[in-house]
């Protein structure tokens, strides 16, 4: 692996778990600087959630991570190699899910399309796609076209497409925004299972602080203008989580309050660093 | 000319005439008559209108857009045979030769300079380009090939755009083709092609190859104008026939030919008097023989002054 | 209402301009090709043509060399006939095209919008548009003579189809959800035309316009050429009758250049008006 | 039932027009505008079925090959030029120039290289009718939703799949619009080029009838050409209805 | 007002607060029946939230309410008049917000456009639009184009457009799905304010049960296949609500548990009717 980026060139890289390294990332659209100076490292096999105000640049950050857009300054590297285009092992679920589906292909074909290059056998492709669609609860709708589905169903098609691709890293941009609470819980647990059992690294943008804390190994809080890293919080909630019991723990309540306050004030609250913020509700 | 019943007074007749004519050397007669002032001395004001074919001229005659139009005799006969109410009011061009070997005429069959074709009978079984099938040129070729003892039905005729006739022969796409003057003479002079035979029908020298026509209605309403028109063109023809200098001058100024193109050009003869039913019959016989017309028309029905 | 019409129009256009400049990675990000590559492409073709015309493959009289043709063109530029013909042709072309647009676009949109109208006109359109205008020339000549009215009729008969058909398809491409938005907010018909239909159909219709403009030009010249109305086509026909091949090509090149200019103007218009469209925004595709 | 109503909607206007034409032309004395009844009589005599075999089939073959070629070149070229905007911009002047060059200038060149046979005719048909398809394909390829392209590159969908599953389907409505325009142009060019070379074909028939003032024959040819056009379009519509099914339903 | 629909014709209608009456509404797409047989009445000035599984037909129901699509059976009437076209006094925020904005108009123009027919004065229109945009926190982005905005910002433009229109009834389809927790809370309170102070009737579809209970006077729970009304719950939480204190009440917890269970089981839980279901978390 190309290692020329690390300052200590010549040193054989330790079998580090640093997967995606973001260094001093900045991004402007014209004169308008969106991302300030972001440095963060995504570890191999971890679940990182990104939260931050609407318009903070979460989507922009995700697109930089994937190499879809070029940062104005700084670099993103995957396993030591600078990312300039989407790496093969990465899948993305776009925030604008309805536009990311092809209206001229059925749900099944939409999910099967990315598999064409890796899986030559059509039956095999279909099997993988069907499995993913069943996981997201769309078994009965595979023959429909995207525009015949409800918003939540479309969003699940986009998720299924990413799952079927069997990537090593998944970037998800508010993937559960349009699904109901029940389905959302199921899908959350599904992504946790992917991480725990298949070792997939997941970076997920969400607005739901409960969701972020529940899912994440670490929560990245963005804020300020231009956007910077406000905090990066280890959750320490363990590997096995449960919608009812995990959310009922004291740690959980403290974490969510902390994240909430950080987003609200766009800054690290006075009591930051500790997890001693009082729980609301 | 015999006057139609209840002919209108001369003063009421049309004096301003729009006359359709081809923009080729066969349309030279009209231009000469204009530039020599023959019309104005007869009290007519003639504006030439370019007409590339009779198909464009006939509808305009019918709609009154044109009063008189020049067209080849066979096309006129075809129009007439379909019941169009038009008649010949004057002769324009005449066939200049009897189709003697080697004689130049208004058009001719040519082959590549080094071609094996050298006589009309050699054309049998060959591919010959003509401007259009079942027209005067086509008919005349068949007539002289048959007269020379060949079987003209075995010639493969194809239609080629007139501007491309020489290209196609040089290219070898067709074995022979039929350029008109002055393209024929300049191409022969350039050594590209050789003349096989001109496109005149055997024994038809002096027969009108193109004519001026007008609608019966126009003829009936303007008998004097029609007569004056005919007299003017005949007067002009007398001047220009054999006068190469005049012909070349008008061809340059009115038809935009260059002096080089006209250097070797053959200028056809223009009619100096009204045609006769016998001459008309000569053509219609051929037309019927080669299936251009199904029935032989009565010559009197075609002529204005026999009405 | 009338007071705001021009205003918000300028607002839209002004927006276009500012966006086109400062639109960040979006618009400015699309590198446009300078004049250089275009010249290289043109020079390449001219060179090929020159080589071909002097090669033994073709007779130099059949295919005159570009130098000869451009010399002829320069010669024509010195004549009044050339410019008069050019003026007449352009005038007739403009009238014909305007008529096509005025009839074709609204009719196409209306037919496209309504399923019933589409069905009703299907046979008629399919039937008539296959009939070649050339075949109708004698009839049109009978009705109008070799006049500009004849030419305009021929132009409309030939060039209306691209506009009509492209408009029909354009009408079917309007985003359905946006149509709902306009219904929900009860936006007036005029505004609906201006703010929903006009932007939505511009791409397809303006491409139809490009096609129609060229067809109208070709038809103008063809009508002049065959039917003998004054203009470039007639001049071209004269030159052809007189066997002046370089001049024939010079006139053809004139037509080609007019077409080039007209289309360049239309493309510029497209870019101006469609600055918001992904086609122009040209976000990173590869 | 649904089929019947839709059929009724399709044929009412043609019926009305035919009846109008029949009635209005019934007593026509005009040489160039004969009564429709007579035209139909001629159609019946001339075209069923000798004329169809002799004149319609060769034309059909020419137009189909020429149009097919135009479709092929237009779509492939359009995709290429759509994907290579810089290249397209560089050669655009040439294309626009070529597109606007009158046939009277192109025909001689085509004749020089291809002769006066079917090759030349098919080439001329293809050349003239390619433009609407080409321009529309370029537009269609370029207007793909940006999110979709990001999706495609994030899943590393190879170019050939992108062309097949994204660019071409997205351009499909436009390609069809272009192809319809192209079909009309193809018919015109077919008629014109049939005037060159060996006689035969419906275009030749029409122009030859015109030349010999057989107006009824000419009209019968025009009617048959219209019918041919209708049939071609009909076949075309069947394809379109299948391919654009999603589009029509979605935007209905 | 046309009253011919009421069975008791001739009777002068009492000044009833029945605004939108849905009677035996059914809707099928082809053979696929989505809405079964729905009857419900929206009262004038009330805030009704609709919840239900993804794909249940909430969007479809909303579209029927607005007259954008015709029901297969049954009727919707507004003040006794059958709805066949979107009524003038109604505004809608569409679920697919990004497609509902015109890419060729700036944010401000997008919001101003619906005002053109009612407000002739341009300055006045601009003022109204700006007010609405400020309310949703987009003051600094009014000159941008929708495609230059983040998802959440686009969604807020759609909301601002509906607000500026000053309708009597607003139908909102998951209007806050893409905005962050902080903004979401603000927007929730904004809609409550609209209802309380301006008397606007609001029908809002959401997947967030907390949100539904917090906002609604009544929560309409949809479920089953084909979709039916599972429950219609009066919240009785009072007019003045507060993000912290209201959500901390016992009633609130009970209500959300009830809704949650009803959605989960797609049916009224055994303890339905009462509010005695045990509170989770």
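As written, the chain order gives the labels A, B, C, D and E, with residue 1 at the start of each chain.
The rule we apply is simple: contacts are C-beta pairs under 8 Å (C-beta built on N, C-alpha and C of every residue); 3 or more make two chains touch, one makes a residue touch a chain.
Computed from a prediction, not measured in an experiment: that's the story for all the values here.
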| item | value |
| --- | --- |
| Length of the shortest touching-chain route, chain B through to chain E | 2 |
| Intersection of the contact lists for chain B and chain C | D |
| Between A-D and C-D, the pair joined by more C-beta contacts | C-D |
| Distance from chain D to chain A - Cα centre to Cα centre, in angstrom | 50 |
| Separation of mean Cα positions, chain E and chain A [Å, integer] | 30 |
| Centre-of-Cα separation between chain D and chain B, whole angstrom | 38 |
| Centroid spacing, where centroids are CA-atom means, of chain A and chain B in whole angstrom | 86 |
| Where chain E touches two or more other chains at once, by residue number | 96, 99, 148 |
| Sequence positions of chain C contacting 2 or more other chains | 24, 26, 62, 138-139, 142, 237, 240, 248, 277, 281, 284 |
| Touching two or more other chains - residue numbers and ranges from chain D | 32, 108, 112, 145, 153, 210, 247, 250 |
| Chain D-facing residues of chain C, complex | 30-33, 37-38, 40-42, 45, 58, 62-63, 115-116, 119-124, 126-136, 138-139, 142, 158, 161-162, 165-166, 168-170, 172-174, 176, 203-204, 207-208, 210-211, 214-215, 217-218, 221-222, 225, 233, 236-237, 240, 248-249, 251-253, 255-260, 262-264, 267, 277-279, 281-286 |
| Contacting residues of chain C [partner chain E, same complex] | 1, 3-4, 7-8, 11-12, 15, 19, 24, 26, 175, 177-178, 180-181, 183-188, 191, 195-196, 199, 276-277, 281 |
| Touch list for chain D against partner chain B, complex | 31-32, 107-108, 111-112, 115-116, 195-199, 208, 210-215 |
| Sites on chain D touched by chain C in the complex | 6, 9-14, 17, 32-33, 83, 85-86, 89-94, 96-106, 108-109, 112, 131-132, 135-136, 139, 142-146, 149, 153, 173-174, 176-177, 180-181, 183-185, 187-188, 190-192, 203, 206-207, 210, 218, 221-222, 225-230, 232-234, 237, 247-248, 250-252 |
| Interfacial residue positions of chain B with respect to chain C in the complex | 23-24, 49-52, 55-56, 58-60, 62-63, 65-66, 163, 166-167, 170-171, 182-183, 186, 192, 255-258, 261 |
